[in-house]
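Below is a structure I'd like to ask you about.
Think of it as A, B, C and D in the order they're written, each chain with its own count starting at 1.
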Amino acid sequence: MKKIINNPDNVVEEMLNGMTASQPQYLKRLKGFDVIVRANKKTDKVALVSGGGSGHEPAHAGYVGRGMLDAAVAGPVFTSPTPDQIYEAVKEVNTGKGVLLIIKNYSGDVMNFEMAAEMAAADGIEVEKVVTNDDVAVENSTWTIGRRGIAGTVLVHKIAGAKAETGAALADVKKAAEKVIANVRSMGMALSPCTVPAAGKPSFTLPDNQMEIGIGIHGEPGTHREAIRSADEIAQQLVDKILAENIYNSGDEVAVIINGLGATPLMELYILSHKVQAILKEKGLKMVKTYVGNYMTSLEMAGCSVTLLKLDDELKELLLAPADTPALVQF
Amino acid sequence: MKKIINNPDNVVEEMLNGMTASQPQYLKRLKGFDVIVRANKKTDKVALVSGGGSGHEPAHAGYVGRGMLDAAVAGPVFTSPTPDQIYEAVKEVNTGKGVLLIIKNYSGDVMNFEMAAEMAAADGIEVEKVVTNDDVAVENSTWTIGRRGIAGTVLVHKIAGAKAETGAALADVKKAAEKVIANVRSMGMALSPCTVPAAGKPSFTLPDNQMEIGIGIHGEPGTHREAIRSADEIAQQLVDKILAENIYNSGDEVAVIINGLGATPLMELYILSHKVQAILKEKGLKMVKTYVGNYMTSLEMAGCSVTLLKLDDELKELLLAPADTPALVQF
Amino acid sequence: MTVKDAIKEVGQAVIKDKVFLTDLDQAIGDGDHGINMARGFESVLPKIAALADDNDVAAALKAVGMGLISSVGGAAGPLYGTAFLRAAGACKGKTAIDAATAKAMLDAAIKGIQDRGKAQQGEKTMLDALIPASDAFADGIKAGKNAVECLGDAVQAAEKGVEYTKKISATKGRASYLGERSIGHQDPGATSSTIMLTALYKYLKQER
Amino acid sequence: MTVKDAIKEVGQAVIKDKVFLTDLDQAIGDGDHGINMARGFESVLPKIAALADDNDVAAALKAVGMGLISSVGGAAGPLYGTAFLRAAGACKGKTAIDAATAKAMLDAAIKGIQDRGKAQQGEKTMLDALIPASDAFADGIKAGKNAVECLGDAVQAAEKGVEYTKKISATKGRASYLGERSIGHQDPGATSSTIMLTALYKYLKQER
């Protein structure tokens, strides 16, 4: 395991302190908790709280700031934070207008956030939650826990965050978030595994000529592996799976994320994006905005995911609204 | 070699087209050339042209946009672009107020940009150049070609770009760039090598327990290798070497870049930054702004560099001025 | 024979198998189950050691539940945390635990896990160890065995349950994303449940 | 014996050693010298093939120089490009090249490289092949040898020069960043220079 760390057991602690020390204009830490909140005084609006296991940086604390989140709760690497941590975050950012929890669909995350919501509700805080589940690699059925939440979650932060910034009520912020969730899909692949610091060894092994398709963001294996293919073929494969959802139609406006999983050079993401743009154009879709970079990572995994969000007028306006956070700034 | 590419010989071509297809609001390509210019009509100001070998993404095209560069010229991976390409870029962005070339100090880059400058000068275009050389890993002496230009170059783009945006004359933009160069120093290290696509194999091999100190950004070996150490020790080692330059004094305001070389998780960069901030604070320096992320990379190399820039009032104001480019946005 | 010592044995058994449980989770999950459980009991055990020596079983189990909830995270934290809280609820006021009470505690724990996690038997989770364990416990009671003997039967059933998890594919928890590929691997949570039951049984048998 | 064929031989020799030159550059540089030079000659050779068959040496060399400048990049592009342009300047109007002209061309090339790159002999660059080659050529002329014989001597001197580059540390080019660590490795540029001289010599000798 080659990592720039001190002690595998302290990575989250030191990372959080490193974030606030590096970006004090954006972030501060809730004393005694693994919770990052905005440096600026909370404003009188619906508050957004997200979070999850660490190792997905810049998610989630990188999205704390104007136009996006009010707080991010960091669990241990790839492990949902505990309810008491989430509960503190909720109490801290609530201004009386209510709090929206943005949860990625994993059993652990859902359970811990729900317990925190129960604790906050018992205090009389108005709490709502949305669960993101954009990963089409995973079958959605009533018999399983459904699809996973991956990079599409960032667009929920962006759009619900912009909605909250307009002064909208909790129900409306939640509705905007749910509209994103209904219209966003992602699909990922990996060239190499990652190593959880405390585990000390790679999460799986992959022969030199193979890739994992349908990878998640926790070092878990994908849905299957196959011989490594060209960037254009990978783009086609990922986009095909997303388009097979049948929610994107010719003429639709869309937002795109070409997401790196941590160790993928930007050069490769742009080469992939080149083909993705061509396929989407061919399909008659109009790209309103494309984000290319590391938005939702899996430590030092090499690989990528493609995310597609269908926009309507409201979502488009909120997507293009300003944001000012460590990881996403737009005018 | 595991990469998301199509053909090793087409990586630059497809990447550039991927950039413009993904970010048409920022970038367009000069037809027939490996030159990226701003999508918006050129404004009546001194124009900034930078560039170099590819493989350093987001450098250099990622910094094309308001408040930074007007054009970036992309060479093959790790190879300076040729004079004719640079010459086209200069002709395209010149508005009559003159053009500043920002060159990283490598024999190849300097020679090719100088030849282009000669060609442009022959056309009557006013061209000036600055050469960045922030890498303290390399001895500076009259007998060698001097220090290399690495991540500190991004701050030259930022500050000279902001200066040009004020409508300043070419001489003054150049002076601002030179002030940055005089006050910026960087030092890097790597945990793993990178693979030039056309070469197909790693640029060097490094045992599992070793790291390279004083690494450049072209997959070249560093100044020496040693047993891998903790993040705090690495931070100390890199910063000590920078502070040994004796240009940073207690009370000085500084800007910092904690730069990832391509495959380094943001988590590790923040852990490193945590210690870097502590050392600098201890030394009495005041951090005005810290950038943490992949700003000047070396393909999929794992490792980092630390950059320190001493600010005066002018540099501080220009550093904090707005920028709107694919890779660096600030209000 | 004290509840504090029993919990200590159980916690130490889990901590001892940290790497084993993590390896199991690497195969079909995200490779943290052992790390999570060990972190949990490392946080809980000092708190238990600091409790009064009044052998208040419910109070001790509640402390375990609260402690796990606020230190484990992931899926296992809320599930095991809730399980311990519910078990505590089922033995409130008791110092000596007879077979019937023990069975009620086990069932309360299982119900807690199901309330939180919405899983059934056969979905490749900790329930595939715990539900067979409870069934075997019930059979033991019917056969007139005492609590420790019943627990011995329960352990054997849990072990069989773990073996059974190798044969099925997961439909709950992270392993469900693997679909058919999860077949052939034993479930980490079923394994940790069995480790806990086994440690408790060993402690009680030797103390008797 | 035509200048077009000679250039073709030289270019193909460089292309053939693409991997070898790249490997040398990986050891002490950035691992692209072979790729750069091969890209250059792959771009240049078709242009040369398309030239008129008038054996205008200066015109052909100028085309090589311009072509390398606009296709090689890096350090080698401007250096070799300038070298060919200067060599062209030194033989303007000549179709047959005698020993004195050849020597003048070689020296013009060397001067061009030094004007651009500001290096001296002993800095572990292509000059460490080319300057000894020029010296040997001069000795050959003094000894009354013809151009091809002089070139043979030059090739041997260039080869020795390449060997010598293994013993010294680089103070120019990318390898200079390695300091002492560059010792033990031969310089890629000195090697490519020698490959070109050797290819030219072989062609001329066999054509004679």
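The rule we apply is simple: a contact is a pair of C-beta atoms (placed from the backbone, for glycine too) under 8 Å apart; a residue touches a chain by one contact, two chains touch by 3 or more.
Each chain and its UniProt protein: A, B, C, D = phosphoenolpyruvate--glycerone phosphotransferase.
All of these numbers come straight from a predicted model, not from anything done at the bench.
Could you name all chains that are in contact with chain B and with chain C at the same time?
Shared contacts of chain B and chain C: A.
Taking each chain's centre as the mean position of its Cα atoms, how many Å separate chain A from chain B?
For chain A versus chain B, the centre distance works out to 29 Å.
Which whole number of Å gives the spacing of the CA centres of chain C and chain D?
A distance of 76 Å separates the two centres.
Using Cα averages as centroids, what's the distance between chain A and chain C in whole Å?
32
Cα centroid separation between chain A and chain D, in whole Å?
55
What are the touching chain pairs in this one?
Here the touching chain pairs work out to A-B, A-C, B-D.
Where on chain B does chain A make contact in their complex?
Residues of chain B touching chain A: 2-7, 11, 14-19, 21-23, 25, 54-55, 57-58, 62, 191-192, 208, 211, 228, 230-232, 234, 256, 258, 262-275, 277-278, 289-290, 292, 294, 297, 299-300, 302-304, 322, 324, 326, 329-331.
Which bits of chain B are touching chain D when the two form their complex?
Residues 53, 75-85, 106-108, 111-112, 115, 137-139, 143-145, 148, 196, 198-199, 201, 203-204, 216, 218-221, 223-224 of chain B touch chain D in their complex.
Which residues, counting only chain D, touch chain B once they are in their complex?
Going by the criterion above, the answer is residues 22, 26, 28-32, 35-36, 39, 69-79, 116-117, 171-174, 176-179, 181.
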